[in-house]
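In the part that follows, the structures are each spelled out as structure tokens.
Note that chain A is present in both complexes that follow, paired respectively with chain B and with chain C.
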Partner chain A sequence: MMGRLEIRDLHFSYTENEEILKGIDLVLDQQSTAIIGQNGAGKTTFVKLLKGLLQPTSGKIVYNGTDLSSMTVAQIAKHIGMVFQNPNDQIFKNSVIDEVMFGPMQVGMSKEEAKVHAMDALEMVGMEKKCKVNPYDLGLSERKLISIAAILAMDPEVIIFDEPTIAQDYAGKKCIGEIVEHLRNQGKLVLTIIHDMDFVAEHFDRAVVFAKGGVLLDGNPEKVFSRAEILEKAFLEQPNVTRLCHALGYEETFLTTDDFVEYKKGQ
Partner chain B sequence: MARIEVNHLKYRYPHTENLALDGVSFQIEPGEFIGIIGKNGSGKSTLCQAFTGLIPNFYRGAYGGNVKIGEINVRDVEVDELCQKVGIVFQNPFNQITGSKLTVYDEIAFGLENLGLSRKEMIRRIDDALEQLDITRFRDRNPFDLSGGQMQRMAIASIIAMNPEIIILDEPTSQLDPQGSEEVFKAVQRLSQKGITIIMVEHKMEKIAAYSDRVMLLDEGKMIDFDTPQKIFSRDDLLEHGVLPPAFTRIGRGLDRKNAATGEYPVTLKEAKEALEGMAV
Partner chain C sequence: MKSISLYEEKNSTLNHLDSGCKMLYMVAAILVPALIGNKWANVAVIILSVFLLAISKVLRKTVPVLSVSGIVILTIVIIQGMFRAGNTTVVLQLGPAAFYKEGLLYSLGIALNVFNILLAICVLIFTTKPSDMVENFIEKGFSPRLGYVFISIFQIIPQMMETMNTITDAQRSRGMETEGSLLVRIKAFLPLISPVVMSSLVDTKERAIALEVRGFNAKTKKTFLNERKVTTTDKIINLLLIAAVLASVAWRVKLWLG
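== the complex of A and B ==
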């Protein structure tokens, strides 16, 4: 089943004086969507609300027709998975395989089934040979891949990543980019908070710009990244290739270096 | 100001078989801005810890060769002596925070309290550090109530306040938004212009290319190359070493356009613009 999230006039505050989210209206379905915005714009707060980890002050979130507030966090976890920004907040088992099997078993899979899902997920992140290793003996980037595998293994319809490319090198980023595209092609709803604009330009169908608790821009990356002035106001910047093309005076918005090189060669 | 000299440095972590650093030698002059690049596991963070003396004095393990900061051989001094010369900003700010302070202001004061500075000097330095990292408005917040990016800037501020001669930053901007990240690079560049040596590990190649005087490429514990960003990023074998060159270099290479001044592929937006401007739009 595919996931669809409808967010209606969502408000949230941690304290009385400071409203973090000031009325978000969004429909999220079928696309891979990147949520971008300044530190403190409310991105992480927003996805915690989608997971039911926080309750809205007002407004609502509807998942496939059901109001999230009528579901328990445990029920939500079957459908919506989230990979934490900091893998240390998520990992707690003594071996990689136990860590990755824990989630699937909590959502009702048998041990055998969980093992199959866990191995598939580990293979997808290229960590299948590290099953028996203690996650704490791995570096930060590998722990992040383990925390991603742990969510993939639960096979949720919606997968939320909070800053998946932190500390990843070229190979790690490439792997995560492929995971995003693979999940999207499987019909999953993929949602990512991210600061790496080049990565958004290369791998996502849609970009939503958060600023000061609201949505400032929403659309495909071509459209969103063509708005240099608005992005700057939101403390963001264009992808590197887009910046170069603007500096050179092009009207078109190029998103990847390959696109631009192809275009120039074709001239 | 101290020069850094590393001679035939070899290191192996306890209970492991492979060398994390395998015969690395180089010098760094005072005030240089050095970028260290390489795939994960290539030895970047290990080298950072070797500058601070945490390797081998804290981590132990097998150690050969030496690291000299000015006249001091880091192996021969206590970590607390070296920390006044060399400051390090960890990759994950959660690992850096003391956990014993209730405000950002007090957290930044922590290092200074341990140096026994006067109250007046501490206040001056803390205010200055808050300002430089643009976190003055969070001074009374609990450090754990900050966002990832704010916390990272606090960690950098707490090191800057100690006035070290050398600052080592291990992926300091990984949690920051694009402009926050640019601000950190600019703040670090200002420190470098004041004569402080900067050594930065970073995966954002466009930033490394724009800010570094020299770039060190590591792979499997060995130093593959140590040269200008233009020379390093024009190498044909970067992908084999797990490094994607900056977008501007990839475009220059794809279109076979070199920068007239350097004779190499462009590495920054400015160089790419110059190299491409001659081409028909």
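== the complex of A and C ==
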């Protein structure tokens, strides 16, 4: 089933005198969506609301027709998965396979089912050979992949990543990019908080810019990244290729090296 | 990051007072009534502490402290009022429960002492930055290592609480129930505690390295980033406090001799 999230006039504050989210209206479905914005813009707060970890001060979030506030965090977990920024906050089992099977079993899968899902997920992140290893013997970038597999194995319809590419080398980034695209092609709704604009340009259908608790820009990456002045005001930069081509005086917005190369070949 | 330090900068008179001064106040406020040994001395110092807390705009912060200890005190009052050996004069009869004057007076004494001590401590810790206090001690020759341990408690505990929250969220996100019956909570505990311990160990190692590269163990004499300013007002207050303590010692001695 497709996941669809409708966010209606969402407000949230941690403390009385400071509103963090100031009325967000968004419909998220199908397209893989990158949430970008300066530190402190409210991105993490937003996705925690989507997970039911926080309750809106006003407004609502509707998941496939059901108001999230009528579901418990554990119920939401079946449908909406989230990979936390730091894999160390998540991992606690002594073997990779146990770790990855924990979530599926929590949401009601049988042991056999969980095992099948876990192995599939490990395969998707390329860690199936490490399934007997203790996660603490792995490096940070591999642990990140384990923590991703642990969520994928739960087979949620919506998958949220909080800054997945931080501390990843090129290979790790490439792997995560492939996972994002693979999930999208499976019909999952992928949401990602991210600072790496090149990564957004390369792998996402839609970019939503958060600034000061509201949505500043929303659209496909081409449209969003063409608005250099607005991005600058939100203290964000364009992808490297976009900036380069802009500086070279091209009128068009190029997002990736491939875009530009193709354009040049076509000339 | 949330702070567990009870101190809050309110730009009040007491905030600007030297930390040594406030420490001396705490000591004097506890010693003087104890030496005089009179309930009214306790009451007077309690009023003074409340006044100081009020002008520092932190009186409201004493509510949780006082209400928790108030419950304990209340049980003492009830038990002593009803069952203290030597209870003879009934002052209050509530159904089958009789309260006696002797026990009530005795527990009133305890209550006044406890509240006095608590309020005196509140005056110090609600208006003084912990690091100021520790720097003051270190200047007087206290070991910087112990000082660091003390200050770091104020940093590490909130950090651990924050990690604990994140980890709880991460596990709830995987469908784990962390709320509900005791059994549910205990079952939830293990997945939560091991990442907390692991990340604390990693943090500790990094903190140690960070300290060492900045010469924490260097043998040379160190200077202080924040110069302490002891003003004339501070000195006068210190003198008055010392005088009060000496006077009550003299009073006590006179009582003994007389």
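The rule we apply is simple: the second predicted complex is superposed on the first by the 267 of 267 C-alpha atoms of A that agree within 3 Å, B and C clash if a C-alpha of one lies under 4 Å from a C-alpha of the other, contacts with A are read in each partner's own complex, and residues count from 1 in each chain.
Note that a contact is a pair of C-beta atoms (placed from the backbone, for glycine too) under 8 Å apart; a residue touches a chain by one contact, two chains touch by 3 or more.
Quick caveat: nothing in here was measured; it's all calculated off a predicted structure.
Following the overlay on chain A, a clash is recorded for the pair chain B and chain C.
With both structures placed on the common chain, the touch criterion links A:103 to chain C but leaves chain B unconnected.
More residues of chain A lie in touch with B than with the remaining chain of the pair chain B and chain C.
Shared-chain residue A:267: touches chain B; no touch with chain C. Shared-chain residue A:86: touches chain B and chain C both.
In the superposed model, A:4 lies in contact with neither chain B nor chain C. Of the two partner chains placed by the overlay, only chain C lies in contact with A:78; chain B stays clear of it.
Applying the stated contact rule after C-alpha superposition, one finds that A:151 touches chain C and leaves chain B untouched.
Look at A:169: by the touch rule set out above, it reaches chain B but stays clear of chain C.
Shared-chain residue A:60: touches no atom of chain B or chain C. In the superposition on chain A, contact is made by A:249 with chain B only, not with chain C.
With chain A used to align the two structures, chain C clashes with chain B at 93-101, while the other stretches in 93-101, 201-209 or 219-227 stay clear.
Counting contacts by the rule stated earlier, residues 86, 88 of chain A appear in both its interface with chain B and its interface with chain C.
In the complex of the two chains, the chain A residues touching chain B come out as 37-40, 44, 85-86, 88, 139-142, 163, 166-172, 195, 197-198, 232, 235-237, 239-241, 243-244, 247-250, 257-258, 260-261, 264-265, 267. Contacts from chain B toward chain A in the complex involve residues 38-41, 45, 91-92, 94, 147-150, 171, 174-182, 203, 206, 239, 242-244, 246-248, 250-251, 254-255, 269, 272-273, 276-277, 279-281.
Per the touch definition, chain C reaches chain A in the complex via residues 163, 166-167, 169-177, 190-192, 194-195, 198-199, 202.
Note for the complex: chain A touches chain C at residues 48, 51, 53, 72-74, 77-78, 81-82, 84, 86, 88-92, 102-103, 106-107, 136, 150-151, 154.
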